[in-house]
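You will see two complexes here that share subunit A, one where it goes with subunit B and one where it goes with subunit C.
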Partner chain A sequence: MASLRPLSRGPFLLLLIFFVFSLSLLRPIQGNGGSDGGGGGEEFSEELLLKPLPDRKVLAHFHFRSAAPPSAANGRHHHLFPKAIAQLVQKFQIRELELSFTQGRWNYERWGGSDPISTRNAKPPGVELWALFDLPTEEIDPTWKNLTHALSGLFCASINFLESPTAYSSPYWGFLSNNGNLRYGALPREAVCTENLTPWLKILPCRDKAGIASLLYRPSIYKGYYHSQRLRLLSSESKGIILEQTLTVVLQPNSYTSSLLSSSDAQLQPSWSLSQLFKKEMTGKCVLAKSSKIFLELERGLLEKIVEIRDDSWIGKFDGQVGSSLYEYKVDNSNENKPLDVGITWKLPLVWSSVHAPFQASRFLMGSGNERGSIAISLQSTQTHDQYFGDLNDCTVPVIVLQVVPWYVKVYYHTLQISIDGKPQTLSDVIEKIQVTPSEDKLLPGTLEIMLRFPCSMLSATLSLDFDKDSYTLTNILQMSYPDYDVSDDSSLLHNLQEKYLVRSYTEVLLVPLTTPDFSMPYNVITFTCTVLALYFGSLLNVLRGGLVRREIISQKDSARPGLVPLYFLGYLPAKE
Partner chain B sequence: MAIDRRRPKPSRRSHFVIRETLLLLFLLLICAPSPSSSSSSSSSSMHNNNWAVLVCTSRFWFNYRHMANTLSLYRTVKRLGIPDERIILMLADDMACNARNTYPAQVFNNENHQLNLYGDNVEVDYRGYEVTVENFLRVLTGRHDSAVPRSKRLLSDEGSHILLYMTGHGGDEFLKFQDSEELQSHDLADVVKQMKEKNRFKELLIMVDTCQAATLFSQLNSPGVLAIGSSMKGENSYSHHLDSDIGVSVVDRFTFYTLTFFEKLNMYSNASLNSLFASYNPTLLMSTAYYRTDLYERPLNEDRSCSSYEWLKVLQDRLADEKSDTIVMYGLGTMILLLTVSTWLST
Partner chain C sequence: MANLLIFIADFVTAMLIRATGQKLLLSRRQSLEYLNLPKLVKNSANINAGDLASLIYLWNPLTIVTCLGLCSSPIDNLMVVLTIYAACSRLAPLAAFGYVLATHLSLYPAILILPVILLLGYGPDAPPAKLFLHKSSNSDGKDPSNNDESRSAVTTHKPVRCFSRRPVVHFMIWVSIWSCYVLFLCSIYLKGLGGLQEMFKKTYGFILTVGDLSPNIGVLWYFFAEVFEFFRNFFLIVFHVNILFMILPLAIRLKHRPCFLAFVYTAISAMLKSYPSVGDSALYLGLLGLFANELADMQFSFFLFFGYIGVSLLSPVMHNLWIWRGTGNANFYFATGLVYSCLQTVLIVESVSTMLKHDRMLRKHVIA
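After this line comes the complex of A and B, so read on.
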């Protein structure tokens, strides 16, 4: 035994050293817990807002918020915040970005236009992307191009079509006040489907496996009247990166329990609940979320008389904007055995209307023919003056209109005409500020930013611009971008539902039929040319071949042939050999 | 003296043992990284990843079945183990969220509507007007603008087995893209030749489901390519059945019978290409499924542990990924442990 010790000590020690060494190699593979700096301080919260709409529909607004604290180092470890987004912000030096995918049109008349939900989530159909960069001006355009490509790969959409300068514009103050580092682009014809939602959900810490996002039953969402998924990024040195993802859906609940009351024409509004709308149950929150809440928004005073809330486990009641109450539910208490099923049952029929924005904007074409036309933007007042403006006589409303038009619709900005209540106005009376970036063929779209001051008591206003249609070689009917306007409420844009905000509306997408080439022309040209050539060469050949001999035809009565063709009409007869 | 005599003996033995163990460890360290490295020569390169490029080239609602064909293959390929990162899916139009679809976000390939092909996790890389001949050829050759993101690139190497599936309307030596341009057979042959020169694949399986599909790969002459077409020159490929609820035909015959073959398989099956070819019945297909095996070196009926469907085999694929480092380290640790024990026991 004593002899074994000196023999086995040497190699044994060596092997032990190797073993320890290999263990130390194993540790970095296993120990990736994110405990090495940067992982702390990130937070994630999720919320869902449910609200019945006046036209028998339900609004469901999902809101996910992720925040990452600022970090001094370039590389960082992330615990909750999606690394793809952080890399995007860092690589392209983004200060602010918003990307929205929308299908359907937000019905401002029925669903409201002035509450924070509609102001921030009523988006134009298709894809809309705008970004503010922290870069010198000459670097922004190439960065925008790379950003559009990166986003198209990330979100499975053709956002890379926004790369060329003909597809995006840089408004100076019409959209957001900036100092030349804003780029705005939109693709109205982009389809929105599950493939856009899949990567959007993969950015969330719990994806769609747990928490509020587990309610997203795809056929229910895409069957709705309006759905819009939006991603908003805010990045600063002091606050780090804040990522806000919202999904706004307007659904129609299938309720077979609504019955016609015989006394009046009013029909009971459909009763609904989460499990009916989404075919799934809320069985627990995302464990990584700091807070997980569901809000139910009802007009104040509806409860106990007209509406019965199905699940009365709400823990708080708040006052929302414009006369509504918010009931808060906490998702933490629910689990698989006791799912949270928020919903309402209508006891009595009720007709109400949502609060409108001060003006209803729409856009249409005037004129006929394939050569020229006019674009008209009309603003109709919605008679909600008392909510926004105090004294009608002495107030004016500032309205900002932004319009981006592609280069193939050549707008003549000097033909701008404004009329209030049908009476044409002098431009200098109404226009406070105007900025025009004229379009350049195949290079730039035309941008019009105009700030107008209207009297509060006006009923309607119309702006019109003449344009020429370019004969474009494509046969597709192409769509244009659309304007939006801001009515400033004398306060800055804030995020909370209970504070003041800016009202923004979009008009419908405008369809401009462009002149298509006349495809029958080649046929016509060929036919005419061939006819002329045939006549010319035919007669020439006839003359050259043997000449035409003029004969006198003496009609003889006795030898009148029974031919039906009077021969004296044939002045020329071909010569016979 | 006894001590003197004993000392050289243990030192000689200990030296020998030390040398032996060092040699063994050195050999271990050499052999350990080898499973995770791929050899450089193409002929002896090992298969270590699978890719799929699935292309639907038709738009408009009445070509729903082409979308359903491609999505059926997408679902099958995902089910049998290829992840989204290795699939390039090109769909020329949007059927699932089309305004004419009474089942939003759902695409079916059978009138019983039992399977929603669109599912919850579909990722389409090229869609709508991005599906052009130019982008298709760029994907295959790998020649992109520098801004194009990784998810839209075919990042295959000399150890890749690629499945290329194309469906749409086609004819004699061409395939129609988006109703406005064509991909011709010599274009495809050139692209495959370029891919082979750049070592972008080890084996390539081309499946085409269009009318006169076999003509599309008539000009191929690169080794390692296997091609299957749904019909021969002069024959049309037909749709399988009409779904009266949706209003259009929902699947093509060739794809339908290909899927019935694959639905019987799972990730660990050993199936051979010959059995796939044998499963095609010209009467049911209403056309002759033609396959071209002259460019393919290995015999098709070999059932080996690496099955002939290289793109069904997932285990090697997994080994080539990040997890190989962990496995190697664990192996090394275990071996050292065993060596320690055996050394202690032998002395």
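After this line comes the complex of A and C, so read on.
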């Protein structure tokens, strides 16, 4: 047909154009990182550290690190780095941020207090959030408020309770040195559950489907003695954004011998492996990870005599902190057929203790009754005390104590007393620097930052502060569902002069009982009080008026006398005599 | 050092109460003699009101407890009594000093301006002015022979009470001088701490907005702990206006007795103030003794006396049970607070009623 010929060329041309167009669209999707500069340079690495603890438990520390290069453009594409976090950093101008969700208390005596893991990962129970902003001072508080809301939505937690000024404080130098752009808040009562873990895992490139994060068997984690998930952001112009996510879990391995807890000295420590702890073995790394490693840390000297490592495929051995050995396993080589199951078997029972920090910090309440009391912070020197301080005579230890107290607990800072080894000291001898931000009712929590200098040879030191307790009102108690209020813990930073080693430890959360009026009867109280007021008002006015009635009667007899008050007024008042 | 200051303040207060009592007694005797009621002077329980009042003040267990607790209430009380004494003696600068300091230390003595002006204008307590007018008209009408005598009596003994403005004007001037001075000193002292505005916000603002709700012997703390936020401002206004509202009716009825008026104002503010304490009640119980002659046949005196003793004993017990032992409830303690305000109400109402009855009785005697 003559009419069909031009038509047969048209569709062919159309098809050609369509094909070329689709090729140009498809190319960026197929390309690897580095094609258009936006997703370039991002890297992700994952690690897992396993370590047996002295009290028959196992420490598992998951560490995920994502780095994004600096980029000046807004709305860049991300290949591995989570876009939500990058947007957060950009919108709120965050320089540094740390958010941790913790359940359980880190047992400093049994699990150690001075190695980097416990220093950085032993967090207070509940939620702790602190952030350093790159903004002028007056913009920081509204930005903090928006940040808490954004994080609350991102992690399905009630971090938005930290928005009001009564919940956060801005320490000047007690926590980190800063120029007034640090905000610190903590919620000790926040319960942590899988609802918080799932969004945290969603930020990882492989989520929990592949790689080390696939080991996270929820029942094991939440049956543990301590678990803390932490997210840390560091952002700078030169280095870009670095996101570190760590999950620290202390588990009790289930084995038949561990159920007999009568005398742990003579019992064999429970043997464990990944499959026992997490019900799963490593079957391959996350393909997007640059490196994926598992480390097993053992105290030096344990290996040869006491412990047998189950999987022999470790590729490297390093010296870890303070006399331990690290065995490195590479996850790359494992797959479905050749799973990696790291673990140890104990050959002989052993009791040992981990390395402690030079001082053990604890906090407690003194006094009885609901009117007043005292907070006391005590530092006890531990067995490893001598190891830190070589020459005991003329060295001093600087200790920084940061204490944030809510406004309900009215602390009298002038009652600060410090005693070393039981003997009270004059404050000017011991205190090097002190900064107090007193609390204001319903507005600000009270912050105390002290830098103290203790002699190395001291055995114990105690700081005590007196306080008055406030009482509840109906509106306040509706915001908090518990009658006692938590004073979230403080952190003490111990500096060791010789090794420039910063050790941070958190003390316990204090539960302060406050007086509670009877909230079941607001109506009764208001009625009683108003009745008393009405009695006073009515009777007094009645008495004052009472004489006037008589005067009316009298003056009606001799009508020439002018009354004090116009008499027609009296007709309107009820007569009662 | 603080002990000494407080004890001295207490003692001086008692001495000033005694001096005020003596002035009141003198004025009472003069007016009764003028009204030709000498038998009344002999018949009624002629107690030396000044001595009695100062002894009541010094030996009142509430005053002793206040001094032992090292409160600043004795100093507040000293300023109030100083104002009343100076106004009775028509010393305008001293009265202004006492008034300014009393208002500065706690807001409520500001309402004493009315009795002080009446004291300075009219002089100390006396029977109603109408009786004097009646008396003078009667004496003019009845005894024309004694005209010169009675007229001289009118001019020399007890002239008809007219309001003399000069002391009042002096008082106002001195009040402004003293208040400027006090505010000036405060502003110097508080220069680095926020200045005068901060001071007013934290002192007067605190009293008026009732920020702190720690339990005390009043009724406001529990009330404001229970009331909803929406109604809080309304009830604050209600409570404070309750004090202000009674000023005018009382002043109208008791303007011939400004000292008694001051006593009633003190008692009302002690009951309805936002943070009452036993120091305030110590003050008005002491001042109550000044009117022992007029209030001799007060009803319910037995009930009041033992009520005060009972509440003073029970209230600390209930407080201890609630806060220190945790076995009691806030309601126990609040109940004693309610009873205490009921007792104060009864005291105020009965004393006003008795005073008015006394005036009626005088009138009956004069007219009859």
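General remarks:
Heads up, the rule we're going with is that the second predicted complex is superposed on the first by the 444 of 577 C-alpha atoms of A that agree within 3 Å, B and C clash if a C-alpha of one lies under 4 Å from a C-alpha of the other, contacts with A are read in each partner's own complex, and residues count from 1 in each chain.
By definition in this document, contacts are C-beta pairs under 8 Å (C-beta built on N, C-alpha and C of every residue); 3 or more make two chains touch, one makes a residue touch a chain.
These numbers were taken from a predicted model, which means no experiment stands behind them.
Looking at the shared chain after the overlay, A:Val525 reaches subunit C, while subunit B stays out of its contact range. Of the two partner chains placed around the shared chain by superposition, subunit C is the only one that A:Leu535 touches, whereas subunit B remains out of contact.
When the two complexes are overlaid on their common chain A, residue A:Ile242 makes contact with neither subunit B nor subunit C. Touch criterion met: A:Thr515 reaches subunit C, while subunit B stays clear of it. When the two structures are aligned on the shared chain, A:Ile221 is found in touch with subunit B, with no touch to subunit C. Across the two superposed structures, the residue set of subunit A contacted by subunit B and also by subunit C is empty. Those residues of subunit B that touch subunit A in the complex are listed here as 6, 10, 13-14, 17-18, 21-22, 25, 94, 96-98, 103-106, 118-125, 127-130, 145, 147-152, 325-326, 329-330, 332-333, 336-337, 339-340, 343-344, 347. Remark: subunit A residues 3-4, 6-8, 10-12, 14-16, 18-19, 22-23, 25-26, 29, 103, 145-146, 149-150, 152-154, 156-158, 160-161, 163, 190-195, 198-199, 208, 218-219, 221-223 touch subunit B in the complex.
The touching residues of subunit A, counted against subunit C in their complex, run 368-371, 441-442, 470-475, 515-519, 521-522, 525-526, 528-529, 532-533, 535-537, 539-541, 543-544, 546-547, 550, 564-565. Per the touch definition, subunit C reaches subunit A in the complex via residues 211-215, 219-220, 222-229, 238-239, 242, 245-246, 249-250, 252-253, 271-272, 322-326, 329-331, 334, 338, 341-342, 345, 348-349, 352-353, 356, 359-360.
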